[in-house]
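In the two assemblies presented below, subunit A is common to both, partnered first by subunit B and then by subunit C.
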Partner chain A sequence: MMKNRLTSTRLFALLAIISTITAVTMAQVQPARAQLNVDITQGFVEPLPIAVSDFYGATPEEQLIGHDVAEVIAADLERSGLFRPIDKGAFIQDPAALRNVPRFGDWRVINAQALVSGSAELQADGRLRVEFRLWDVFGEGQLTAFAYTVPPSIWRRVAHIIADNVYKRLTGEEGYFDSRIVYIAESGPQNRRQKRLAIMDQDGFNHQFLTDGSNLVLTPRFSPSLQEITYLAYVNRVPRVYLLNLNTGQQEVLGDFPGMTFAPRFSPDGNTVVMSLAQQGNTEIYTMDLRTRQVTRLTRHPAIDTSPSYSPDSRQVVFNSDRGGSQQLYVMNADGSGVQRISFNKGRYATPVWSPRGDLIAFTRMSGGTFYIGVMRPDGSGERMLAEGFLVEGPTWAPNGRVLSFYRQMPADARGKQVTKLFTIDLTGFNEREVATPIDGSDPAWSPLIQ
Partner chain B sequence: MRLKFLTLIAAASLLGACASDPETSNSGTGSGAAAPTTDSSAGSTQTSAIEGPTPGTQEHLTVNVGDRVFFDTDKSDLTADSREVLEKVAVWMNSYPVATVTVEGHADERGTREYNLALGERRANSVSDYLAALGVNPNRLQTVSFGKEQPAVLGSNQEAWAQNRRGVFKIN
Partner chain C sequence: MRNGTIFSILFHAVVIAALAVGLPTFVSPLPPITNVPVELVTLAELEAATEKQPDPEPEPVAKEEAPEPEPEKEETPPPPDPKPAPAPEPEPTPEPEPEPEPEPEPEPEPEPEPEPEPEPTPEPEPEPEPEPEPEPEPEPTPEPEEEAKPIAPKPRPKPKIKLAEQETPKEEKPEEPPADALTSILRNVEKLKKQPAQKAQTATAPKVAEQTRPKQQVSRIAQEGIARAIRQQIQRCWRLDPGAQQAEDLVVEIRITLRRDGTLVSAEVVNLTRMFGDAYFRSAAENARRAIQACSPYKLPVSEYEVWRVINLKFDPREMFGT
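Moving on, here comes the complex of A and B:
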């Protein structure tokens, strides 16, 4: 056990208990025939006007929950850049009347293309039942409907799951709102920067610090199970890769290596951590099987080989190496064979991360004093820059592979005042948004969808 | 790797020169206002008479020899200036054989975090290897990399970056 004290341990205990998910059907309304679709592959698209009504509640308490759920759904959809929630002040039909069936004319008048309605009910057993329906206003039909029965404390998760359903039904892609981000919370001047592990929902809520800042921590990454995080910590000024179990709060050093271990990342099945080991001035890539603790060396080269990331099928690893004279991206087979360089344009390339869809690799590029976040195909073709700045670094994929998060660092002033912020951006390079955090942030890592 | 071998050869030839005349090189570096070493070993209470840092301490090294060397952008090979400093450090370490040193490798902020950790480790080892080649017992040398995490000079400009690309000697 290390000195880093957890400020919270029972993080995910509540998260596995969406107890009832029911498909709700309505006999009296025909399914929509019209094709209400949002094409998210076209770069900038005009956001789809959508009305998210407060969910109906019979009591003031239920009304409040119904209001809050609608707010979270609308905020998720708005932040995606693909939807434009309509101001509720314009709504004609109220939640109680909407509970039965929409008066579609009332929603057409305010030019809502889609409508989200629902209800919140606190049951006698203490659980919360949230029902929602998605409507095609111009096609006058129901597109989808579900009900969830959960502990009231996780109402925000239900709202995110509903937003994911809306996103999926209207874009054809999986959503990403029911997910979390682990990152490094930062404060203080450049030379005395305090860094703490922190975790939050993707919209910045339910924020928690996981360490107290007594040790320098860097580069956290989620396991696919979401129960574990691997990261770099300096304990007694010795840098090593650690594992943190979010359920138990247990932290352990990963392996007993003779040098500095860093740049850890889980394999897609969560059973392996791939990382770098630096020894006597040479950095190589190794894997450790978490069950057998067997260590395998993947690279053999006097250059720096670091920042490994598995392809989603686990067959390949993309990594960063200066074996060609400067930092570039390389792909190798998972056993270390068949190394091929994939980045060839001007500048240095770093921090490659394979998309969960497998189709792209995101990276940091440095060229002419500017930093970029970009993507390319795994064969190196189709390179595009999405964001740029004095310092942008460390892209991480949303679980649907359509959105990236990264951090921006502004130039420090002469007194060492430093500002670092988290952002998200579309794969198309549009819709860059800051992710609000209590203090500065860096090194974001997006979780998979919560199961 | 080739570079490393070249520096080792250079270091070995210098070592010959230093070892031949330990007395003079000792007085040449550990000098200044420091009191005779007999004072400290005798545990004298006349501390008011001693000026300057206690010999063999971090402060003594910093004041009399220097506690750091600098690197070019994305480089870990030692400059002529760096080698000069390291030669004095080696002599100093051989004068105070009890001292053990951790060599910290640092990078400026103009790189990515993980690569800079590797670069810092490479720099620390480049320094440590040279000291070993100059005759410092490797058992007295440790290395650690802080990447771009601990800048020495504040600000985001060329001058600050040049001073932050460094190897630092920390007496344990």
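Moving on, here comes the complex of A and C:
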């Protein structure tokens, strides 16, 4: 009691002192003269030149790791479209010299605005310790620094984590490099296409197949908790929504409904799956609580309502419906009330996905024989088409909501062969990249950041 | 009690000293580093330690060949495969380490909360280091290439797919004024062809907005000339990130002080509080400051030095974003 009072008195005194000092300082700083005010309203859009030095290693083995880590970081940053890693050949200061404070002048000369340095060390216990520092070349200071101790086998992950840190420190936004993509790997002729569930790191490495292709699988979706994937599988020609636990390999049917279930998607907390269910010729949207298995119907309309996706705050669901004549996007409250149409453009809209940062909804649009991947704000404004093609579909958001992945099918060649590839594109629409996969790929689903 | 008092006195002394004297500049060559043991765990460990999975039974055996228990009875090896799949997995281990974010420590790294605590910011402290740019030499502005290019909405990587169709013009969008405006820097493949006119317009009208104090002796015209010169120089160095969240709201004010030779003495972000509370604002502010630093030295008429010795710069991306 007594103590508390004393503490608060002291605190008050401290505050008083601070505010006095602050006031005095401010008064001194305030310049007496009139100031020239200049508005800067124009800039340019170009990737930030950044130098990623090989990480220092004392032994050849460590040097190799240090080199590889730097390569992965630079590749991540480059693919984001926001950074332009500078050719290492231009570097003046070498990794060993960089262990101390950089000679910033050496880096300014080559136009680097930021510099990443670090070291890799294999410890006696067999683990790998990777340190990195991010430097502001013009400000001549350290922006951030971390060290990680890991089993050497996961060095790529460490590199992705470092790239995320650099990205976050320089853009103010979360990164997305330490994440994975699950997708449908396709092979075989068009009429007997084999489809397998596959997973890989966001940059295409550490690729592996999750199913053997004996059953048709579609629409994989990551749980926000990362451990689980839902997808649609046709077993004995019956499509059902399955849940696959990546840790245990366990798989289960998500409820056995009388009709067909499809288009499953997790709620942001991972506890609910929202999906559509076709019964007696009518398709409606339902949710299922994964813990209680309780099923709730959200839509009641004779039209087809499908492709639901939650907003990140779980308060709303976007879906598509042909209730207005053509297939358009609608937003409703999570309990099914307050349905509002948000898309009004020509053509048909499908597969809406709410961005994890909440500000946009991505979708597929078909109009005039062309497919588009587009985005719009949740109220329907600001609609833009980011990518287009003969067939582009299945947008999925990177965990930070800055980048989308989707797939693109090229028109069949003379022999009827069709190629389907995964791509990423950022929100500016200017940075489209192919994601290399061992065989054809479709229906990507981006994981959240690995926790 | 007594300890508390002593501690409190010491703490106050430190805080007051910090406030009065300025934040300590650390002498050690390298700022401290945050150590993050990323204990990535093998699958086995992970399962042992994991209980957070909703699934009742971890079923260590089953996973060996249970990937698809019933939809597909095949002996699919992939998913269960212990090594690869789990490897990238998160570490549910109770350790506090997983992501690097947690303890920022030395730098104001992850968005520092508005603590009054002094932090050894590597940022441009006005006093401690009088000149961030020790070399006043007229180093050519670091980005020669930039100067060549038009300032505005220059898309970077070439849009590979843009030509796909010509039908676009016909497509009338009922309501999308914002989209149109945004297309200058945010691409809309459907509208590409219409761009040029708009672009040009955006690029040409820099819009003068500097206020001058009437009492200044220098004529308004001279001031405007100087403002224009500064604006032109800085705009060549200001790199924008159009995809940033609410990029159009990130207006940054920075007060700069220049030497007679046009080199930079200091560049202070006016809204310091927001620097510490808002990571987006901080990177926007730092980005603007980098532009200022990269552009130094400034070429301005020495005869009017008193006019441009201290300048308030307002970086306002709204026009470029069309809002």
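Operating definition for what follows: the second predicted complex is superposed on the first by the 404 of 451 C-alpha atoms of A that agree within 3 Å, B and C clash if a C-alpha of one lies under 4 Å from a C-alpha of the other, contacts with A are read in each partner's own complex, and residues count from 1 in each chain.
Please note the rule applied: a contact is a pair of C-beta atoms (placed from the backbone, for glycine too) under 8 Å apart; a residue touches a chain by one contact, two chains touch by 3 or more.
Remember, predicted model here, so these are calculated numbers, not experimental data.
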| item | value |
| --- | --- |
| Which superposed partner A:Q340 touches (first subunit B, second subunit C, both, neither) | neither |
| Partner with the higher number of touched subunit A residues, subunit C or subunit B | C |
| Contacts of A:S314 with subunit B and subunit C, given as first, second, both or neither | neither |
| Which of subunit B and subunit C A:Q294 touches, first, second, both or neither | neither |
| First (subunit B), second (subunit C), both or neither touched by A:D443 | first |
| Partner chain in contact with A:Y372 - subunit B first, subunit C second, else both or neither | second |
| Residue numbers on subunit A that touch subunit C, as the complex places them | 3, 7, 10, 14, 17-18, 21-22, 25, 31, 33-48, 81-82, 100-101, 105, 108, 111, 113, 131, 133, 136, 138-151, 153-154, 157-158, 161, 165, 168-173, 180, 197, 199, 201, 206, 208-212, 214-215, 226-227, 233, 235, 240, 242, 244-253, 290-291, 344-346, 357, 359, 367-368, 370, 372, 381-389, 401-402, 426-432, 449-451 |
| Subunit B partner contacts - residues on subunit A that touch it in the complex | 189-191, 193, 216, 218-219, 232, 237-239, 259-260, 262-263, 276, 278, 280-283, 302, 304, 306-307, 320, 322, 326-327, 348, 350-351, 364, 366, 390-391, 393-394, 409, 411-416, 443 |
| Sites on subunit B touched by subunit A in the complex | 1, 4, 74, 76, 109-115, 117-119, 121-122, 124-126, 129, 144-145, 149-152, 154-156 |
